[in-house]
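Both complexes shown next keep subunit A, but they swap its partner, so subunit B is in the first and subunit C is in the second.
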Partner chain A sequence: MINLQPYENPMYFIYLFVALLPIIIAMLYGKKLHWYQTIISFVFLVLAFGGVKWHEGIALIAYIIFEMVLIGAYFYYRQKVNQTWVFCSAVVLAIIPLIIVKVTPAVYGHPSLIGFLGISYLTFKAVQMIMEIRDGAIKEFDPWLTLQFLLFFPTISSGPIDRYRRFKGDYERKPDPQKYLQLLDKGVWYIFLGFLYKFVLAYIFGTLLLPNVGKMALTYGGISWWLVAYMYVYSMDLFFDFAGYSLFAVGISYLMGIETPMNFNRPFCAWNIKEFWNRWHMTLSFWFRDYIYMRLVFFIMKKKLIKNRITIANVGYLTLFLIMGFWHGLTWYYIVYGLYHAVAIILCDVWLRYKKKHRSKIPSNRFTKLLAIFITFNVVCFSFLIFSGFLDTLFFHNIATLK
Partner chain B sequence: MKMSKKLFLIFGPIIAAVILLLTLFFIPVSIQNISEGTIQRAALSQSPKVFRGMAVKKAAFSKNYVPFFGSSELSRMDSLHPAVLAQKYHRNYRPFLLGAPGTQSLVHYWGMKGIDDKLEGKKAVFIVSPQWFVKGGIAPVVFNYYYPKPEIVKWLLHAKNNRMNRYAAQRLLELSADHSSVESKGIARIAAGHPLSSFERTYLTLKSNALDREDQLFSTVSLNNRVQTISRNERFLPKAYNLKQLDKVAYTLGKEHTTNNQFKVDNRFWDKRLKHNYKKLAGKQKNYNYTDSVEFSDFQLVLNQFADKNMNALFIIPPVNERWSEYTGLSMPMLRNFVKKIKYQLNSQGFNNVVDLTDDGNKAYFMQDTIHLGWRGWLAADKYINPFLTKKQPKVSYKINNYFYSKKWQQSQSFTN
Partner chain C sequence: MKEKVIGILEDLTGSQEIADNLDINLYDEGLLDSMATVQLLLELQSQCGVDVPVSEFERSEWDTPNKIIAKVESM
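Right after this comes the complex of A and B.
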């Protein structure tokens, strides 16, 4: 059987467009084809998780059943009682599959059997639902809609991470043809911008430049100008590849009348590291902000564990970025990447407080703004160099020899 | 009506782009006339686009260009490089450089496949690097970098069921990263000795059209421009071709460029490639073996192709810089065995123009670096290249022997005439 990975090549878009055409036409007439959308979602899921990847397909089905039962059970429990330990157990249970998938390669050296493409993003969605059920923000459990939300195929493999209540609104709303035309316009634009990012720019940086620059850096060994070049080339590749992918996911969602949130907003124009995280992989950083950072900070304040507000914020940052590091994978460089960003944000806060106090003495003009962007850009690129794992190869596994 | 206008604004440009692209790709007429200047640039560019393209090569080989097959040594463009000598002394041929780091027999074989008719009865120069003949032959990544898709598609449409085609198809399957496309299904059929299905045939005909168009439009865009390099290097050469004077020039240039290291390799090569890690390489090549390799059968594909097209080729086997091989421990008896083996494969099938330079690795300024011909080495090669290409050669007659496609030959250690 055929296997089609999402957005892998231009052919995928042609199939997708043909499949989406009835939905687009119906929306222009103010109608929604929910049943048809379900069928093509199913078909594209089978294409992505069937064929040579059938074992991932089985893992996905098992995972979905598990999470659905968990969310449903917790919902019915929460309607009657609200005990913290049950809530905590539900969250832990929801992330256990993800933990197994992340730990297995570090311990056993091979990928886990229960893993599949996109398990992280599904877990983020499931945990989000459990937390909002506890908050009472999700007031009814609709298994069918939950399934649609978790398995929304344009975003299944790598996000952006949508929110259940937002998705529900879009899904159920009767479409307005005029408004849909605007969505269509934007969607098509995003998809074509995505082509530029992923198939042109990411190709230039990732496929043409990166291997050569990497080879030179390994040949020279240690710290060299080639390593610096590698840092920038890798950063550009990472951005254009992921941003391009996200634009596809958002654009396709728009064609289906779902306004999946954007993931990137010109991150390299950020003037400090905090601003960077408001612009880079936004749905992930907002998820971490809302469901880890904020909750932890409230918890610490409520229980009065720490008095000092600054310390509370810093503990929050450290926790958030350490978890993000571990989530990327159990290797030293992901964890260092997390710590690096936590330290960068803490220092950024120190600087912002200092600036507030000495506002009159610190100049602020176009030059300082550009300097801030330049410094932030380089701090971020260095973090991506850590993230890339290239330093690991360079320092500990460099076997570059001459041919 | 407003809606249809809006829709037109959204999709109009896409539809226009698609129509333009399809017309451009599928009209089966040639669009471009390739100029002399473009051919000259392509001949010196050593670009993968040129290797796998067909348009420029066809244009070049209808003129006085001669294919020079080889690998990285072709980029050692000093004043004695074949391209410089041919231009300076107004010879009746110009080299078309088909080779760059990593190009081995298979790349050359496929590079000839799409231009069959232009090669009939042509002469060629073929530099055989012993370093190609490692156990596994060409590395899959390297092969995929040069992946000759246009040639493969064209070949699939005409491939007869014979030993050469089956072997070539088998090697493609082993090396290619792609296993799901229509091409690879077709290749698998050829490898098994079956004909293509009619769907595959139609699909590949269309594909071949599109690839031709891509080749004609893009293969000559933004090529490395070495025309200046060649002209600049002419300055050092005497007005008239005189071996003694040329040798002096080669000696002087070699001396000037090899001042910062004990191996007498080019200064720039030393700084860029060796200075940092030569210490790690001491004694590292002691166990290198070039006599047991799949490359021998890949090389047989080239010979088979030469024979099919009645081509006459001059084979040159370059030496290894002796200071370097002593340092890395490369075995000279092994290298001599390699020469014996390859010569047996050549001579027994009627390829008799073989120049073995492997004993010259100790001559001063013969090599530009560790394993690549330079100054005096290029001149030594020219002593054979010049008469071979400028004088009429006796008619060739080959006896191709399929034994050289076998595992047994790849591993064989007994090869005396």
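Right after this comes the complex of A and C.
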């Protein structure tokens, strides 16, 4: 049986376009083909998780059954009682499969049997639902819609991470042909921009330049100009690859009438690190902001665990970015990457407070703005160099210099 | 209620200009951030008696003083 990974090659887009054509035509006539969409989704899921990846398919099915039962059970429980320990247990249970998948390679040196492509993103969605059920924001449990939400195939492998109530609104709304035409227009534009990002720019940076620059940096060893070049080339590759993928996912969602939120908004034009996180992998950073940072800060303030506001904010940042680091994987460089960003944001807050106090004395003009963007860009690129793991190879496993 | 909300916002942002411009975007202007948002929710709870869970807080619906006042009055 064939296996086709999402957005892997031009053929995927051709199959996808043919499959989506009936949906597009129906939408232009103000109709939705929910049953047809379900069949298409199923086919593309089978293509991604079947064939040589059949074991991932089994893991996905088991995972989905587990999370559905958990969400459903918690929903029915929550309609009657609202105890904190039950809520906490539900969240822990929801993330246990992900934790196993993340810890297994670090401990046993091989991938976990229960892992599959996109498990992180499904977990983010499941945890989000449990938290909103607790808050009473999700007022009914609709198993079919929950399944559609969790398994929405354009975003299944790497996001963007949608929100259940937002998705539900789009899914159920009767399409307005005028509005859909605009959506279609935007969707097609995003897909073509994605081609430029992923198949041209990410190819140039990632496939043509990166291996050569990397080889030179390893040959020279230690800190060299090649290492600096590697940092920038890797950062560009990371951005164009992921932003390109995200544009595909958002564009395809639009064709299906689902306005999946955007993931990137010119991140390298950010003038400080806080602003950067409002522009880079936005659905992930907003997820961490809403479901970890704000809830943690709310809890600390309400229980008056810490008095000082600045300390509370800093504890929040450290927790958020450490969790983000661990989520990327259990290696020193992911964890250092998280810590680095936490420290950068804490320092950014120190600077913002200082600026507020001494507003009249600090110049603010075109030049300072450009300088701020330049500094932020370099701080971010350095963090990506840590994230890349290249330093690990360079310093600890460098065959070129160890020989 | 309106005065109360404006008072809370002035305390949180340290800006006396809130009352002059009720349509100012609090996030774009850097007057509120996530931390201050949580404080806002807690103050609304203790001073105005409205309970806003974090889940119900959709930034785009709460980004100006006028929108916040309308939200609080509708609860």
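Convention: the second predicted complex is superposed on the first by the 400 of 403 C-alpha atoms of A that agree within 3 Å, B and C clash if a C-alpha of one lies under 4 Å from a C-alpha of the other, contacts with A are read in each partner's own complex, and residues count from 1 in each chain.
Simple rule for what comes next: a residue touches a chain if its C-beta (ideal position, glycine included) is under 8 Å from a C-beta of that chain, and two chains touch if they have at least 3 such contacts.
In this text the structure is predicted, and so the values were computed from the model without any measurement.
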item	value
Which of subunit B and subunit C A:Leu184 touches, first, second, both or neither	first
First, second, both or neither for A:Gly221, with subunit B first and subunit C second	first
Which of subunit B and subunit C A:Leu28 touches, first, second, both or neither	first
Subunit B versus subunit C, judged by how many residues of subunit A each one touches	C
Residue ranges of subunit A touching subunit B (in the complex, touch as defined)	2-3, 28, 177, 181, 184-185, 188, 192, 219-221, 400-403
Subunit A residues within the subunit C interface of the complex	131-132, 135-137, 274, 289-290, 293-295, 297-298, 301-302, 309, 312-313, 316, 352, 356
Subunit B residues within the subunit A interface of the complex	3, 6-7, 9-11, 14, 131, 180, 273-274, 276-277, 280-281, 284, 370
Subunit A contact footprint on subunit C (complex, rising order)	14, 30, 33-35, 37-39, 41-42, 53-57
